Structure formats: C-alpha cells, structure tokens
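Labels A, B and C are assigned to the chains in the order they are written; within every chain, residues are numbered from 1.
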Amino acid sequence: MGTLVIENVVAGYGSGPDILKGLSLTVESCKAYCIIGPNGAGKSTLIKTIAGLLKPRSGRIVFKGEDISGLRADQVLQRGLCYVPSDRSLFPDMTVKENLRMGGFVMRDSRLVDQRIDELFVQFPILKEKSAQLAKTLSGGQQQLVAIARAMVLKPEMIMLDEPSLGLSPKVVQQIFGTITGLRDQGLTILLVEQNARKGLQISDVGVVLDLGTNSFEASACDVLNDPRIQELYLGKRHQTEAAEECQ
Amino acid sequence: MNQILQILMLGLCLGGVYALMSSGMTLIFGVMRIVNLAHAAFIVLGAYLAFWLFKLWHVDPIVSVAVTMPALFLIGIGYYRLVFARRADNPRFTDLTVLITFATGLVIEGVLAFFFTGIYRSTTPVYAQKSFLFGDFFLPQSQVYATVISIVLIVSLWLFLRYTRIGNAIRATMQNRNAAQVVGVNVTWISTLAFGIGLAMAGASGSLISFIFTFYPAKHVAWIGMIMCLVVLGGMGSLMGSLVASFLLATAAAFVNFYFGASYAPITFYLALFLILLFRPQGLFGKKVEG
Amino acid sequence: MAENTVNQSLTTEKTFLQPKKGNMWVKAGIPLAILAVLILLPVFQIVEGTLNYWLHMMMYIFLYVIMAVSWNIIGGYAGYVSLGHNVFFAFGAYFAGMLYLSTRISPFVSAPVAGILAMGFGMLFGLIALRTRGSTFIISTIALVLLVAELLDNWKLTGGTNGLAMPMIALDGRVAKIPYYYYLLAAMVLCIIMAYFIKHSKFGLALRAISQDETKAEVAGIPTRSYKILAFGISGLFIGLAGSLWGSYLTYLRPSIFLTVALGTSIVLNTILGGKGTVAGPIVGTVIMTLINELVVAKLGATELNIVVTGLILIFVLLFFPEGIVGSLKSANKLPSFLDWD
C-alpha cells in the first residue's frame, strides 16, 4: 500500500502567511495524479511540504501508514518518496554520472548505487552517452531527464514532479511526458504539478484542482478535462473538442 | 635573469601558504555564503596557539598543526552553531555575515591584545634562520617547509572533497544548496562541518605562518585584506580560483617587493582587487556577479 | 507586475511615514532645546573656563554624528554597507592639511572645498566599486581603506607613517576650541537636515527601493547605477568637510588615526545600533556608543577591551535588534515623537 494521505495540512514560508490552508488529498498507489491550479495556489508548496523541505504548520502527511510530516528530506527519500524540482536543481559542475551518484546519496552502499545507475543507463541510453559531461553543458530536455533519473536511483515508490515541462520546447515536452508515462506504466505512483494542464491531465488518472491553498476539485483526469469550468479557466475553449476526443 | 628566477622562486614559495590561508575562507563562502572576515583573526589565534606550544613545551610549530587544526575545527563548529546555523534562511544572510564576522575579528583581536599585549611574536625553530642553497639560488627553509605542508593540506582537502561521500555532499552544497537538500543532504550539518574544516585550515595556516612572519593581535587586519583580495580575485567561492590567485599575487608581490620595497608589497594585492573589479567583477574563476 | 508592487509598497509607506503637520512644534521642541543648549555651551566655557572637556566630548559626538548620518544615506537608505567611509575623513584632513602647509589657506576656508572634492572622489570610487553588490562591495570598501592607508604610509609628501604636523590655532587655550565647535555644530545640523530632506525626496524613495529589491527598482525605471553613485558621493560630502577641520583641530595627521578599520566599523556600528535607514537612528546610536566608549575607557582603562566591547555590541545588535533602537521602538509603536522623523 503506497498510499499517501494528506490531512488538513497548513504550510507557508518563514513567518509569511499560510500558503496551504488545510489541504486534504489522498493519493492512491500506482496511479498518476496531476495537480493544476492558478499561480500561487500552493502547488509547489504542497510538493515541498511532502518532500520534507518545508515543515507543515499543522496537519498530517501519512505515507504507507507512517506519519512522515516533519521528517527531514533525507528521511522522506529513504521511505521511497522522491521529488524532482521545477528548476531541475542539478549540480552544474558535476558530470551526469556524478549527479546520478548524488541521487543515491542517502544510500550507504555505493556499489548498489552504481548498479542502479547502470540499469538507468539501459533505460535512458542518452544519459550513458553523456555520462561524462558536466550537467551545465546539457540541453534543457536532457537536464530534465537527468533530474528524473537522479530521483529514480533510489527506486522510489512514488515520484513527485514539479513542472517538468517548464522552459522546454513542445517536441521535448512530448518526450519528457513520454518518459513520465513510462514511469507510470512501471507501476510508480506519480504526483505531477503542471502548468500545461491539458498535457498533464492526458497522462494522468486523476486530476486535482488547487485553489487558494485548498483542494477545490478532484475527479478522474477525463472528467476534469471535460469540465466546462476547468476548460474555461485552465485549458482554453478551443481545446474542448480535442480534449473530449483524446479521452476516448 | 638569475635574479628574476630567484624572485619568482621566492614568490611561488609563499604562494602555497597564501593558498592555504585563503582556502578555508573560500570553502566557507562556497558552502555557506558566509564571508568570514574573522578568518585572519582565527589564523592569528592559531599562530598564538602555536607560539605558546612552542614557548612552553618546545613543540615544533610544524608539529603543532596537529593541535591547531582540531582546536580551530571545534571552535568553528561551536561558532557556526551559536551564531549562524539558525539564520541561514535569512534573505540578507550574506550581508549580515560580513558584519558579524568582522565584529568577531575585532573581538578576537581585542581579547588577544588584552592577554598577550601587542608585542610582535614569532616562533623560532632551528630551520627558521636557515636557507637551502643551490648554485646561485637560495630559498629560506621555513618558507619551503610551510609551502610544502600547505600544498599537502590543500591536496588532502581536494581529495577529501572529490572522493569521499561527505566531501561530495560538501561540493554538492557548494554548487546548488537546494538540489543538495532535494537529494537528501542535510545541509545544516554539512555547513557546520564545512565551517569547522574551513577554520581548521585557518588553524594550520596559523601554525605555519608563526615561523615565517611576525604577528601581533592587530595583524589580522592586514592579512584579511590580503586574503579578501585573493578570494575575490579567484572568484568568490572557487577553490581553484583562490589557489591560482594566491600563486599569481604572491609572485607579483615578490617582484614589487624587490623593485619598489617591502612596504609596497601589500599594495599589489589591493590594486589587483580594484583592477579585477574594474574589468571582471566576477573574478578569474567566478560565474556571475554575486547578488 | 513587479513595477506595481514596488511603487505601491513605497507610496503607501511614504504617506504612512509622512510626519503629521499638527504636532510639528511639540515634536521639534526637544531637538530645538538641545540645539539651544549646544549653542550656549561655549558661552559657559568663556565665562567659567571649566568646560573644555565637555566641549571636546561634544565635538567628538558632532564628528561621529556627521559620519553616521552621512553613512546612513548609502548604507541605510540604499542598503550598500561600506566599511570604508573613514577614507572620506582622511581625504578631507589630508587635503586641507597639505593645502595649508603649502599655501597657508586655512582649513576653515578650505573645508567646504574638501567636502566637495571628497564627494567627487567618492563618486569616482563608486564608479568602480558599485559595479558589485552585497559582500563583494563591502570587501571592496575595506580594501579601499587598507589601500589608502598603505599609500599614505609610504608617500613622502604626506609624511608617511609620521604624518603631517599642523600649527595650533592662534587663540588662547580658553577659547581655542570654540571656532571648531561652532563650525562642526553647523556642519552637523546641515548634514542632518540634508539627510532628512533626502529621505523624504523622490531620490530617497528611489534609494530605499534599491535597498529593498534592486532588480525591481531597475525595472520600475529608476536609474539605479547613477543614483547609487550619487548617494555614495553625497555620503562623503560632510565627512570630508569634517575631516579637514578635525585634522587642524588635532594638529597632526597620521594614517594610524584616520585610516583604521576600527574607525570605519564604528561608523557602521553607531548607525546600526541607532537604526539603519532612519533619520534619528544614527544620532541616537552615536551618542549612546560614545558614552559607552567613554565609560569603558574610564572604568576599565584598556583600549583593547574597547574594541572587544565594540565588536560584541555590534554582534549582539545584528543578531537580535537588526532594526536598531529607533527602528525597534518604531515597530513596537513606542518611539517618542521627537525621534520620529521618518
């Protein structure tokens, strides 16, 4: 049971106002969730709070039956919950391989880390090709791939991706979404935050709309895609028919 | 020609020591974005420690590295925990650290002056007065030893950063603090450790300079001036940069010393600083202007 | 978007901080009374002849108030911390001193010129150093002090480390301090008035925008670079002027008096203790620190402990009261109105 349960979580930065105002959400295992919502709705804050980078002010986060709210980031990672930040957050002056090794930082067994990296090289041959290059010399899409692979080193049960399409060209976005679909098919639970709401929902099972720090709407991704209000707000009218077709 | 070679050798011979002095400050800035203006004061503290070990128990100042490094390491950890650890998220953190560490330097200076007065000190092991002679050239033994040990320490630091798990975590934190957190590095712990290591380097520098320079409590002002120039010239936070800058400026200062007189040598450093600010504010190895 | 937020927050702040016109006289009463006492103090000296120590103390405070209030313009309003403002002080002193020794033009005459030249020098330095921000800028200001100190130590024309000797003023010891006293008092009052008007001008508003978020200020159309350079220059004006008077008052000029790093720091400490960026803060901070220093030297008799105390107070204030006395009182709504000029 890789279920993640978020109960009435309140969170914010420093002494600032609450960004999440009592948010509740249940993420069932082996499903892909796409979180959409306007700027400032608290999408990234939610992911950071789950990942242990931000302490919730109140509320509980339970993963696989264990309360993980208030754990440090490394402790959350060790429980199989990984996070890919929106700025990709690579180590610019390290090679691709070193970046992947850092992905296994919380694992003590360095041979196991190398073994995992070799497995990932099979899955993503392009990374093997570039393994000796410095991360800062890669293209945006390749960097995103490294960031995802870096999270995969830990063989997580659940992966959270914050705006993986940010700043990438449509063609590259397509590839990245293909990769994410691949992860879903491997049986990973996926929590995706996406500005590109339509694309995100297309590869997800469940759509969640955040507004003003609470969960305002939750339904199957298809229903969200077809909901007229959502279409008007986040998807743009012209996609209406397209979306309906894609859902078939 | 021989003369120029001789000056070059003398300059390079001091370069290693300068590199050791600036390496700790660079490490501390790189990992924590703390501009440690108390660094030279900690070096002077280390030098006094070496001085009293030498005077009271005749501990060779080179051997005293084994004491000054751990001592300053512990001081560094305590100082970081006490003053900085809980403030690392302050948006004005770097500016704040400049003033706090500067004030700390003054406090150390005052305390040292109160206990040990302003008398000029230095340790005097037998090799302090001897020179290596080969052909037409000479090199003071003390400077050779100090530079060799400095280089050994810097290489060890480099190996540690490069090939150990904790060293990797330190490097990762230097390159991208956020990303380090994302992959599970406990950056608070790493920062504390790095501050300790940075000050351990200051402690070692203190032991080594105790027999190549004279020192007194207020001496740290001149040294911090020099170290600052090396760190900025190298591009704040780049270890390689400060290493190159150290050898470059040590040699330049040796030439200025020879042609214009010893009292002009420090000016070399400050002029280099302003030239670099004028033409390349990000320093030789820096990436961008620090915000 | 960014533009709006900056403008909005600043305009609301400005109207909020505008002093109310009604209680102006009540508010100005205490400062004016203090000024009256300061103006009358030398009269008692002439009559009684026992106040020389107090005159000296007061002049010392005037000098440090000038330095702190001036520093506040770049360091407080614009947020660019300089640890090298005593360079302006040395600049004024050496300029007026050397001019006097070669042409016999009195520092009393040349002081304003020294101030203006110091301002020009500041802008020149700013042209180079203000290309950087944050810590690199602070470092460059320390390097400036050290560089100028080294140069003056080695320059034959300025007497190197021995410095220059100036003749004593040709007046009886009973009244010798008085011309300096009034000159410095006038300079201090002008300096404070200038700082007040800058704070409440559009220029001051722009400087505060720079200190809050320079990138946003730039986006909002503020010529940040030239404003910073101008602010840095202005902050040297009265310090240069005071320097030329102080050199002649001391009768000797030495790098070890004018160009210590500790002096540059104490300017910063005084301002931060009182309240960085406020009009009254630098004055309050300077008076308190001068009294503390007098106490430490008098009671403990050790200058070494003096810098320990300076350093510890600075650390303490930075960690626990970064807003300073005036700023903290204002936040708590407990600031007496006669100190509230922001």
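Going forward, contacts are C-beta pairs under 8 Å (C-beta built on N, C-alpha and C of every residue); 3 or more make two chains touch, one makes a residue touch a chain.
The structure presented is a predicted model; accordingly, all values stated were derived computationally and were not measured.
Determine, using the mean of C-alpha atoms as each chain's centre, which chain is farthest from chain B.
Looking at centroid distances, A is the chain farthest away.
Closest chain to the overall C-alpha centroid, by per-chain C-alpha centroid: which is it?
Of all chains shown, the one whose C-alpha centre lies nearest the global C-alpha mean is B.
Per the contact rule at the top, check every chain pair and give me the one with the most C-beta pairs in contact.
That would be the chain pair B-C.
From the mean C-alpha coordinate of chain A to that of chain C, what's the distance rounded to whole Å?
Chain A and chain C have C-alpha centres separated by 53 Å.
How big is the gap, in whole Å, between where the Cα atoms of chain B centre and where those of chain C centre?
Chain centres of chain B and chain C, defined by C-alpha means, are spaced 33 Å apart.
With chain centres defined as C-alpha means, what is the inter-centre distance between chain A and chain B in Å?
Chain centres of chain A and chain B, defined by C-alpha means, are spaced 43 Å apart.
In their shared complex, at which residues does chain A touch chain B?
14, 51, 53, 72-74, 77-78, 83, 85, 87, 89-94, 98, 101-103, 105-106, 110, 150
Within their complex, state which residues of chain B touch chain A.
89, 165, 168-169, 171-172, 175-176, 178-186
Give the list of chain B residues in touch with chain C in this complex.
Spelled out, the residues of chain B in touch with chain C are 35, 37, 83, 87, 94-100, 102-107, 109-111, 113-114, 217, 221-222, 224-225, 228-229, 232, 236, 261, 263-264, 266-267, 270-271, 273-274, 277-278, 281, 289-291.
Within the complex, which stretch of chain C touches chain B?
81, 83, 128-129, 131-136, 138-140, 142-144, 146-147, 150-151, 153-154, 261-262, 265, 268-269, 272, 302, 304-312, 314-315, 318-319, 322
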